[in-house]
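These are the structures, in structure tokens.
Paired with subunit B in one complex and with subunit C in the other, subunit A is shared by the two complexes that follow.
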Partner chain A sequence: MTIFLSKLVQNNIKVFLVRNSDTQLFTVSYRNISILPNIYDGKEDPAPKFFSRNVQVLLKRLTRPDFAKVFRKRTSSGRDVLPTPIYKFLTNEALEAELAKANKKADRLLQMPPVVKIQQPINEILSEDPALIGYDTAKYLFTDITFGIANEHRLIVERDPDGTLRSCDHDVRKRLNQTYFPLNGRKLREPVMFTDEERFNTLLEQQEYEFVLDRACLQYEPDELTYQKITSITYQHIDMNKNFEKLRSTRHFGPMAFYITWHQNMDNLMLELLQSSAVREAVLLTALRHEIHGDVAEGDNAKILAHEILPTPIQLTKPDRLTEEDIQLDNKCVSCIEKYIVSNSMMKSQQELALQGFREYYQQLIELSRGLKKAHGTA
Partner chain B sequence: MLPPASGTGKYFAKAAKSIRLIRQGCTNRPFFHISVTQRRRLNSQPVIEQLGSYDPMPNINNEKLVALNLERIKYWLGKGAHVTPPVAEILGLSGFFPIHPRSYMTAWRNRKTEQENIAKQIEAEKAKESTAA
Partner chain C sequence: MTMLSKLLSIRSIAAPINVFYKQINFPVNVIHNLTNFSTTSVKSVNFFNKLPAEKLWKSVTSVSNAGAKKGRGKGAGRIRIRDLNRGQVIGIGKINMLWPGLSAPVIRGRELLKQQRLPDDPERMEKLIKLRDSMTKFRRLRLSPIERGWSGARMPGRSIGPPDPIGEDEFTGFDTKVLQLRSLLIMKGNLGRTRNYQAMVVTGNGQGLAGFGLGRAKEASAALRKAKNRAGQKLMHFETYNGHTVFHDFYTAFGKTKIFVQKKNEGYGLKCHRAIKEICQAIGIKDLRAKLEGSNNLQHIVKAFFIGLLQQRTHQQLAEEKKLHLVEYKAENAYYPKVVASPSTVRTQDEILKDETLDFVQYVMNDRVILKKKRFPRFYETMPHYKIFLKKFERYRNHEKIRLMLKTEYGAVKSFLNDRYPEEKTESEA
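And now, the complex of A and B:
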């Protein structure tokens, strides 16, 4: 029994003993995840960098939107009957119009949650009136419910029992805004999955990243401390376990890529890109780092390359027949990555190995496609 | 069903209006609407417009919540609506009006009774000690 128990403890599994019956053992499998949240609280504000056009374009491309995942079936909540799909014959023009519509819809679905600096506490005293001491033991909260004012600009003040009239802090503002102008899905009390560390860790272990991030987006404001802590822990968990594929084609990939690049921790992602032979995206990631930190060797070169890459279609796998322009571009990318690995990378040997693997695979592809062209007499 | 905030009460443009608290809660649970209505009309009759709400029972965080539609309150004040003392007190506490004299009176009376209570307690303790000794 003791060996069994010690083994359980070793495995980081919580053991609950029920007092009434000692023989009963309840185990809840959950691991202690000791990730320290890293929030945007430094001197520099990430918002101008995040919202700059160059960075947005790079982040959107890195998201690698796959329509099959963007428009996947979700829960049918709020609907009585699932709509039946409609099949239509379309002319080319009509098809293009439909595709443009789908693109627009996907853009809306993939709109990234903003990355901003943490909020400052509100400490604004409007008036002090000691003659009001003893008027009431409770606080009075006054909310201006005038029509057409945004929640963040709404006038919300409190009169304390000591007669001070002051502006409310963010948490009270949020609660009152939710009381008088409820947001659909946001709860007045924080959901247990965020307050209870065990449940939160279990969700991370189950790799329910999108659920966690979506709910955090809904429940918190992007400049709240809790939001930044939760997302930070989630991003780091994804990064440590290399579960980047889980976030691809969702709106959270961009902020995640921005987060790990901002904290100079993007080598896992770089390695994953190289291993999946997405050198072009690896160059985009280098360009992103140069946009944010400006510390990449020959980063301007990467930026120019990124401009060349952006108009080309996304290549999830390399096509059988490579055009000469493709080959040229890919070779440029490989040399750019080489320089990055030498000067900036924290995982040099692994990334070099992955790059070497890509090089060999790519050489084979080149020979194959050139041979095919020769055989067809089109070279 | 509740009437809309814009109210259903008929009114005459030149007749006097009053902004007052109208009790909406149930037994033992007061809750007030801050509404504008014709001055010579009962609180049970339809109002012209609802301008806010006031919950006199403190919530779980010991707070009393007041909602004020300041834009509409300003409008009706501009139209010459009268304000009843309880509403004037609330608006005074919110910083929209100067503090109502009655608020100062209440505060002062509360402080006075508290001091008296403390004095009484001290006296009672002294009396206890003297009897014990």
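And now, the complex of A and C:
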């Protein structure tokens, strides 16, 4: 819990304080947010963990994709007049095929931006030719623009006035790649929303998280320092304000969940899940923590339970009927969460309270569905 | 023109002053030029001061009976009668005199006012001319642009309010639009040719309820009232798709009038005949395109469109007819297949006939196709100067975009070079 450092900010328009279970103090202000970015710059590389199949499956499930939101009407379509809808008469088989296609499209839309370690500076001297000293006062840059080479493997070198031939560093590589092979939407200069802190903070205050993260994905490479700083601040802002719902059904929820779990700060998300009665997802989150850190008490149990949960359909809304299997699974989930709260949680009292609330609500639901079954004579 | 200017200078007190001046000037002339003495008599009476203004004006403005029949004395060049006495006060004239007892009180305070000449008012005549001009100017339309119909002050396209209440039932939220108001001439045995008015109106509440009515009467207003109340009696309810358009494209006809209606997405607007537009607004349809073919008889258009709307089928009906799922793809939703209607039993691929119409638009249009006219190049596009223009313009095609980009980046149309070469900046500013 050392992510957020307290820092008093002068000239705040409005200041509110958030007290955590630890005696840590967060100071947040409109327009002037003092969140310190916490980036993946430690010794351990997050990439192998992030890309491992188990983690990917958990993150995708935690995203809880709602197709109404994934395929929602977007303002960035670039159309001035919406085209007329197309209608088709389809048989059952054709409809299933179309839905399968749409699922694939959704997978593509929800593809998570990679989480990797920060890039190392390139400092490779290829040759030193003292004979060229004083040949020119300018630096020469050479780019191999052969078609079909990936940008990261492209040969880009510079000849300095002192005759040294060296590989270019990342910033120069990025600029030259963008010059010769422009990425649609990426700017040569950083957009003001990222360079001007006040504007960036305004966007966060307006909860335009998806916009910020989408644009960051477009403008920066995932291993760039700036990208990681921006995403880190955004994730922390979401976490502090519990705006997780804003990122659900988007491709950024997975990296966000991974980030907060990696930095051992997923208790806010856990609390939100318990308060919204999503115990199954809470178990998945525990399993995720165990996959990453392996420090959860009876974590293997959570992993086994996660395998049971994954084949069940995603619960977009609270269920109104329960089958006996559902009840069994949910009871297992509750006991798993209980153990997590006792041994690992940082917000024990609040989470216990939320879990207790869920238990009471669930008991009512069980009675209702059993009563209904009896009334219908299907029990 | 000369006559007009003379007319303008006529004033009730003008004559005595002129006489007064002549009397003064006459002896002076005589002293210096006795040889110029004339024996011809000078008449101080002419038709300007002999005839009343009314007769004078009539002589200028009147048009003969034959001329009036041809339409003379109407329109832009028409001379209008002006009241030249307007804006004039007895006692105040070209020469600004103070007349105690006429244009001023006799005693002001303790002082007895004397007759005296005041400084001239140079703006007096201008004001008078302005006032006179205002009498002749064309009278503006008194309708506000919102009240105006399709054209000028004419009735078609204008709103005439909701139909009259029947007993205690009021037509709240309804509005009636005039679609047609025309005079019909009919021959009668004893009266000869008589004039009747016929009106066609559409009334609706903008929420699905609408109806049209036809009324005939001796007076235009009566015809409108009859049509309006009849429309109120013939209301029909129309379902709309998501409250903004029709359910599907359709073809409809009445007599020789054919209408091809197309369903459109939100924000498209109403692109159709003005009568169809008024009907759509009365119903509450916001987006639609209609193409008219054949006769453009207005009454037929209205009837054909209403018939077409009534013959629409809902998505559920279409799905049941075809026994297939009806799936909607919207571009704004990344073409996600949304099932809008499912039949009770779905046919399989084998049950679909070989030559069955499966295309949705073709099916709802009853295999009719809208004629798409070939687009001819604009008259200038074939000319040589247009090619020259295109060549010249090519280098500027992205400038607008770049200007915008520079403004967002630097706050003005400048680049990094401005900072590097500040002397250039001052030159361009100077």
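One rule holds for everything that comes next: the second predicted complex is superposed on the first by the 341 of 379 C-alpha atoms of A that agree within 3 Å, B and C clash if a C-alpha of one lies under 4 Å from a C-alpha of the other, contacts with A are read in each partner's own complex, and residues count from 1 in each chain.
The rule is simple: a residue touches a chain if its C-beta (ideal position, glycine included) is under 8 Å from a C-beta of that chain, and two chains touch if they have at least 3 such contacts.
It should be emphasised that the depicted structure is a prediction, and the values quoted were computed from it without experimental measurement.
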Which superposed partner A:Lys139 touches (first subunit B, second subunit C, both, neither): first
Touching partner for A:Asn123 - first (subunit B), second (subunit C), both, neither: neither
Touching partner for A:Asn184 - first (subunit B), second (subunit C), both, neither: neither
Which of subunit B and subunit C A:Arg72 touches, first, second, both or neither: second
First, second, both or neither for A:Ser34, with subunit B first and subunit C second: neither
First (subunit B), second (subunit C), both or neither touched by A:Leu82: second
Which of subunit B and subunit C A:Arg159 touches, first, second, both or neither: first
Subunit C contact footprint on subunit A (complex, rising order): 67, 71-74, 77, 79, 81-95, 98-99, 101-102, 105, 109, 189, 192
Residues of subunit C that touch subunit A when the two form their complex: 248, 262-268, 319, 322, 324-337, 339-340, 346-349, 352, 358, 360-361, 363, 408-409
Touching residues (chain side subunit B, partner subunit A) in the complex: 52, 58, 61-72, 90, 93-95, 99, 103-104, 106-108, 110-111, 114
Subunit A - residues contacting subunit B, complex: 126-127, 129, 131-147, 155, 157-159, 163, 165, 176, 179-180
